[in-house]
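We just call them A, B, C, D and E in the order they show up, numbering each chain from 1.
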Amino acid sequence: METILFYILSALIVVFSIASVSSRKILRAVTYLLFVLIAISGIYFLVDYSFLGAVQLTVYGGGVIVLIIFSVLLVHHIELELEVTPIKRKIIAGLISVVGLGITLWAIYTFPFTNATNYKSIEVADIGRKLLGYGDGGFILPFEVISVLLLAVMVGAIVIAKGKKLNE
Amino acid sequence: MIEGISIYEILTLSSIVFFVGVYGFFTRENLITVLMSIELILNASALNFVIINTYLYPDFLQGAVFSIFIIAMAAAETALAIAIIINLYKLVASVEVKDTEKLKY
Amino acid sequence: MDILSLFVIVPIITVIALGFSKGLKQSRIVALAGMLVQLGMSINLIFAYLKERAVNDDIMVFVKDIMWFEQFNIHYSVGVDAISVVMIALTAVIVVAGIFISWMVDDLPKEFFISLIILSTGVFGFFISLDLFTMFVFYEIAVIPMYLLIGIWGSGPRENSAMKLTLMLMGASAVLSVGIFGIYFNSNIGTDGPLTFNILEIAQVNIPEAAQNLFFPMVFIGFATLGALFPFHTWSPSGHASAPTAVSMLHAGVLMKLGGYGVFRVAMYLLPIGAINWSDFFLVLASIGVVYGALGAIMQKDLKYINAYASVSHLGLVLFALLMFNKTAWNGAIIQSLSHGLLTAMFFALIGMVYGRTHTRDVAKLGGIMKVLPFIGAIYVITGLAYLGLPGFSGFVAEMNIFVGSFQHDDTFHRILTILAVSSIVVTAVYILRMVGKIMMGPLSNPEYANLPKATWYEKVGLVMLLIPVVIIGVMPFGLGEMLKESIEPFLERLL
Amino acid sequence: MNLESFLLMRYEIGLLAVILLLIVFEIFLNKKHKGSLIDIAIVLFTIHTIIGFLPLADGSIFGGMFKTNALLHFFKSTLNVGVLILLLQSADWLKEKVVQQNKSTEFFILLFSSLLGMYYMISSGDFLMFYIGLELATLPVAALVAYETFKQDSAEAGVKFILSSALASGTALLGVSFLYATTGTIYFDAMAEVLTMSNLSILGFIFFFSGLAFKISLVPFHFWTADVYEGAPISIASFLSVISKGAAVIILMIILFTVMKPLMPVWIKVIYMVSIATMFLGNIFALRQKNMKRFLAYSSIAQAGFILLGFLSNDQLGYTTIIYFVAIYIFSNLGAFGVVQAISLATGKENMDDYEGLYRTNPKLSLVMMLALFSLAGIPPLAGFFGKFFLYTAAASQGYYLLVFIAVVNATISLYYYLLVIRAMFLRKNENAIPFFKSQPYMRLGLLLASIGILVIGMYSPIYEYIYSISNSFLN
Amino acid sequence: MDFSYTILIPLIPLALFVILGIFSKKIPASISGWMGSIGLGVTFVLSYYAAYQYYLNGKVNGVYQPFIYKYNWMNFTDKLHIDMGVLIDPISVMMLVVVSTISFMVHLYSRGYMKGDDGYTRFFAYLALFSFSMFGLVLATNLFQIYIFWELVGASSFLLIGYYYTKPSAVSAAKKAFIVTRFADFGFLVGILIIGYYTGTWDFQELNNPEGSVITNWASTSFMGLSVLTWALILIFMGGAGKSAMLPFHIWLPDAMEGPTPVSALIHAATMVVAGVYLVARLFPMYYFIEDGFALQVVAYVGAISSLFAAIIALTQNDIKRVLAFSTMSQIGYMMLALGVSGYHGHDGLGFMASMFHLFTHAMFKGLLFLAAGSVIHAIHSNYLQDMGGLRKYMPITHITFLIAALSISGVPFFAGFFSKDEILTAAYENNILIYISSVFVAGLTAFYMFRLYFGIFWGKDKEYEHTPHESPMSMTIPMMFLAFMSIAGGYIHFSKYISPDHMPFEAHLNYYLAAIASTVGLIGIVLAFIFYKKENNLSERFSHAFGIFYKWTYNKFYFDEIYLFVTKKIIFGLVAKPSAWFDKNVVDASMIGIGNVTESFSYKIKGMQSGKFQDYAMGFISGGVVIAIVVFYLWIN
């Protein structure tokens, strides 16, 4: 059952991600992207990491995609079609991607992974403890630092976005 | 751990997503769509971390936590990128890649 | 303060003082004062050296050694032997003469003298260095001001010439630096000591033959490019032609000597086996340079080009002699360095004076200058004759030492090459006389030249300063030769 | 965990305090006096810099996520000094352009958070902290690159920078995930113990390396550099080329020599190739540049190639030389960018042709520029010479004579284009040369500090010796 | 016996040169002329005193002993060094006399001749320099010293020929003289080097010792079939031939007549040009003993051919100084051939003695001829025969002295030339009949062209002169008269008592039979000249027509100048120097510049990499990573 589910999700992910990067209608592309993100969160749920699945859905589905849609709406007419990429460029890009993918897969498949035996699902509480722990294996420091980062990015985004022309 | 699915399959999936994102990054003619490709790339990485954690090293939650940070970071990045793109749009009324080719050689 | 470091410190102080001076008058006085002190010190050094030599049998005397970069075992290490002493004296004389000749430099005088003195600092430092690193540092310090000197105060295609010169020389120094690393990382073979840059210490070890064969050409080409080794000489004609007078003087007179000196001090001393293995190859290049430079000089129309090619020929002789591994020839090489330095400086000074008055250096356009400028004309003729190796002048002493020494080689091939090199004296006569005959003698080519201003006192002082040592060496070579030979010996022993 | 161990993060805390204080001042300061925020920021940062020089213990906190040692102290202080000089040099620009738009506090917040990111990045003990530090160092700069919101170039550069860096960090993340997959840990110390050679780990290393190489602008990961430098405000270009690159080099060094040690045979090859490519391409592109910022961008790419020579020597000599050269490079490049900044501010001119005849009108500026460029070119007795010479020595000590040869050839090529600037300033005479102008005191102080650095760091050997004495502290 | 005072003989002129040279502007003409003359007068006295002392008392056991005073000047190796010093032996003393006499006379003469010239002091400085160099050369104790002064002589000759330096012809003549002799000196120097290498010494005493190791070991090394020492000697002779204007290095001598006439008299008649003869004489034992005199044969034939060749050319020249120049060349050829046919011991050394004898007498009468010619030129301001005629009325002293010299050179009995020439012919006759015949023929030609000159100048048609020519002042005529006296008296010195190759006096007698033949031939020449040129007639033109092409060739000096010009301009300049300059510019230099240009154009070619599209950059980024990965895997797997 899980196997089938996984393959379905995988198929969705691959198909929609390809659709997302090749669709000429921008809003459709955004939508496909949303599907990909949702499908990925599905995989998170599949591996019993529901917390992350939820985060994925909220942050991406709720935050990022909306942000993108807003910006798309701000700068485009809804039905605007994107410019066609020259075929030569597509071929080269595809070639690089395929070679890169090939070498990555080759590296992966030549590595003898041994699955862990003590599989357990990831609990939110564990995550929370980790995030706030300051001893070994604790992640309080990155947690704090990323808050600074978010602050800085916020400041940056605001200061850029509010920018006006000097002469005005 | 998904039954019947080894880590190879999932890593293959994430790699495909990654390189689809890369392909998108290469070929999209619109800055916002390029940004979307980046989301694919970052998602692939996050997926990797989660899968590796659960499949191989479930004792520690490093990968799992890492992926949370990646998602947060992706959001921040996107926000800032969009701010900058919007600013560009204000200046040149376009978000096409071809309008960002003034600086060259 | 030890007697040698002053040779670097005095110019630095002079440069600083120049930084605070204003206008031409102050600048030239400051520069002159500083360099006169330098000249006085260098003359004092000769006597101090002779005195010290009498009681001190080391290869180098007045050795001073200060640790600089401990991790690399880089020292600031100075010391002199007879060869450095005479080269230092040569430099001091030419610098002072150069300042006299540049007495009236009009454009940016302060900067001119600063650059000139920085250049000479590099040269002085190079001659006193015992450490390859400091030597290399001073070498580059000496090269770089050339760019500004030629570029700012030069004439003709000055920018391109300056660029070509700087790049070729720095390229050569780049090659050289690889060679120096090769020496450095082999400097503790067979001993357990640390790696070292000190020439005298490296001379104690025997670098493996393979390494010597690899690094000798690098070090040799690195230095010899500065000594205008064929085919790496092409920076020299255009560079000289574009340079202002004092710079040409200093450059041909002193800077190019660094090449031969470096070959002698570093390449041959530290890599003797490599030197022997490569000697035939470079000997052929040097011989070609000797004849080829002379032939090149025949066809030139610009006075400075003539002189530049002549320098290629004469300095080719220095390298030629050095590659003969013979005491007499080496002695000749060093005297040739001195002699060529003085004579070529005189030539450039004279050309500068003629050019400054007539605004042309085209042989075809000049003529009969002697009638108008008797002093300059007379010195010109004397210089020409000295240049072509007339007895009584230093050139003769040098060339004869080289020829006789080289001809003592047991190998027929070397002797045949020597005869080839000797043939250059004929070609030299041709171009020197052609030049002297055309521009100094004959009818006045241009009526406008009839009222050229006569030589001024500072020009005369500059020329006479240079002429005196030429004559002294030419007439009384005995002391110099003995002094040099003693210092040559330890270097020669490494090769034999 | 006690206060003392908390104080190991003194730099970070200090900088955060500066940021917070600035926000406070921003809130309470009268609108008319907004200009004095700049002075306040400079004073605060100066205090921070001075405090930075106080001695500090080595240690590791947060379970090894944050490490500190003598080398990092030294380097953070170096970065501080660099940023201080940069601030001094940009003070006028800020006053003239930024304060008007009422954006100066934000500028400092962004700049300082980026610096904070670098602190964390180089102090990091695991890949997560490293990643966050990297992003914290990068994202605010992206905002700063686009800071001149009224200029299209600035916006374009911002777009290019943030999108490219996102790709780079994505790639690096993939690489880290592979490393994680092969070792099961993201901690440096732990990974160093279990890392072995395998296809996946090598691939992981390469992807990770490309992410970091992006920051250092190594070929072929460098393409963004020139465009971004050209479009960005000069201060930011300077910051990118000097501070951010320097920090990235240090963390690259730390990671390569600690975590990646088992992969050394591989990364030596990578470094070798990349070094040659970087030197050549940087130089060849720099040859024909007319815009000074672009010119300096390519020059800094080439310089990065030289830095890589130091990586080939796997001993204290190599570490020392890398740090030493980075310090020298910081001062030299700051000198060059400072002059460009000063001239751009006074006249708005940024092209090499505009510099013609500069010496005759502005001798001091030209001299600083000459010092900086000659230092970059490696001309004695300036610091750059010593740095480069020691880099060559480091490479040659492992027998890489061919590479050293290529490097010295490249140094000669680089001399060519540095001389082109010298030519414009000194050799050319120009009727319409930039007229004489007097820079503001801050700018002059900034240039003076840079010049002193250029002159002193090289010849004054105790500096090298000090670095040597601390240089392998990061290995423990 | 002490000859150390002879060191003063070169030093006095040197001092004069230094003083006059440095203060040439300050010293007025009147004083400098006197200074020079007095200085040379002193050397003149010293030389004669030395000769007197040496020839009377210099013998030990009937052999003239050399006296050597020297000090070490420069060391090359342990063995090879250059000494400076004086060597007193018969030939050097004889040369001292010749040089000091002529030099003194020329100094005296120049005071009148150069009067009013603005370079007066300079002229005397040059003369002093020349005298110094010539004395140094003569007194040299070793080959290298001779080479040193040899070069100095060349340089002072350059200065003196180019004395009228504003005259292009003078300048080019001076250059030509210097360069041609320099080329010959190249041979000389190589010869010296070879001798230094193979024998380890340059000292004449060691080289010339017939029992010494040098001469006994000559066969030790050979090169191309000849002993290396023979090669060395031939090369040294090349140097001598250069200075002495032997074929094929003679071309500079006629042109050198551009110098002031006293200079021609001093340098190009009496002293410098015989340096080559002196050099061969100096090394005579080596020439004689090594390879059984092979090199000496070369000397003989070169001398003979040059002698004939020059005499033929002299027939047709119109510039009186050039005629004298070719005559000089011809007479030096005589001296050379005499050396060439000489033996070593006893009476066999006749040729050697004759050569020196002729050198002596020739110096006197040729010096006189030049001075007289100078006097004529001084009077009418032209060098050309066609501008002259009938001058005997205006210039009696010149006329008489010229006649004496002409008779002397023509070998008319009882004049000095007769005696010396007779000895030469005798020596030739005894050794090589071919050379003898040629020499006799030359004797006839000599008489003919000398009297062609004589009649042409002093008789012939009576010319109308713009300014009536008048006799030269006393300062000029007195030296002429003195030399006229010597041109007669010199012949009565018994040279064989003083000079011989082995330093042992022997007795030489006139060979009346041969003398008669030579005198007859000489007289025939005079008579023919009388017929042709005594009165104005067109006989000479008819003859020149009759000889046609041969006349033309002769008139153009057998086109030697043209050949040289061709060789230098076309071959050396055109085919060697020019291509090498081209090569330098277009290959060596261009390749250096080319490296730069290629780099720069490469830079422009690849600028497309930085296209401005950040996606291209990203492609570079990813593909760079991929390529590195592929390369690394490739390297790592292998």
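Just so it is clear, a residue touches a chain if its C-beta (ideal position, glycine included) is under 8 Å from a C-beta of that chain, and two chains touch if they have at least 3 such contacts.
Since the structure is predicted, the reported quantities are computational estimates derived from the model, not experimental observations.
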* Structure fact -> When each step joins two chains that touch, the fewest steps from subunit C to subunit E total 1
* **Shared interface partners, meaning chains that touch subunit A and subunit B** => D, E
* Farthest-lying chain, centroid of Cα atoms versus that of subunit B -> E
* Quick one: which chain's Cα centre is the longest way from subunit A's? -> E
* Structure fact -> Rounded to the nearest Å, the gap between Cα centres of subunit B and subunit C is 65
* Would you mind pulling out the distance in Å between where the CA atoms of subunit A average out and where those of subunit C do? => 69
* Express in whole angstrom the distance between the two chain centres, defined as the mean CA positions of subunit B and subunit D. => 27
* From the C-alpha centre of subunit A to that of subunit E, how far is it in Å? -> 101
* Set of subunit C residues in contact with two or more other chains -> 167
* **Contacts with two or more other chains, residues of subunit B listed in rising order** => 11, 18, 21-22, 25-28, 34-35, 56-57, 60, 62, 65, 69, 73, 76-77, 80, 83-85, 87, 90, 98, 100, 102-104
* Structure fact -> The positions of subunit D in contact with two or more other chains are 128, 132, 135, 139, 142-143, 146, 149-150, 158-160, 163, 167, 171, 178, 181, 199, 202-203, 226-227, 416
* Mind listing each pair of touching chains for me? => A-B, A-D, A-E, B-D, B-E, C-D, C-E, D-E
* Asked: Contact residues on subunit E for subunit B in the complex?
  -> 607, 610-615, 618-619, 622
* Hey, which residues of subunit B end up touching subunit E in the complex? -> 22, 25-28, 34, 97-98, 100-105
* subunit A residues within the subunit D interface of the complex -> 103-104, 106-108, 110-111, 113, 133-142, 145-146, 148-149, 151-153, 155-160, 163-167
* Structure fact -> In the complex, subunit D touches subunit E at residues 159-160, 163-164, 167-168, 171, 197, 199, 202-203, 206-207, 210, 214, 219-221, 223-224, 226-227, 265-266, 269-270, 273-274, 284-285, 287-288, 413, 416
* Complex contact set, residues of subunit E against subunit C -> 25, 72-77, 80, 82, 144, 147-149, 151-152, 155, 158-159, 162, 165-168, 171-172, 174-175, 178-179, 182-183, 185-186, 189-190, 193-194, 196-197, 573, 576-578, 580-581, 584, 588-589, 592-593, 596
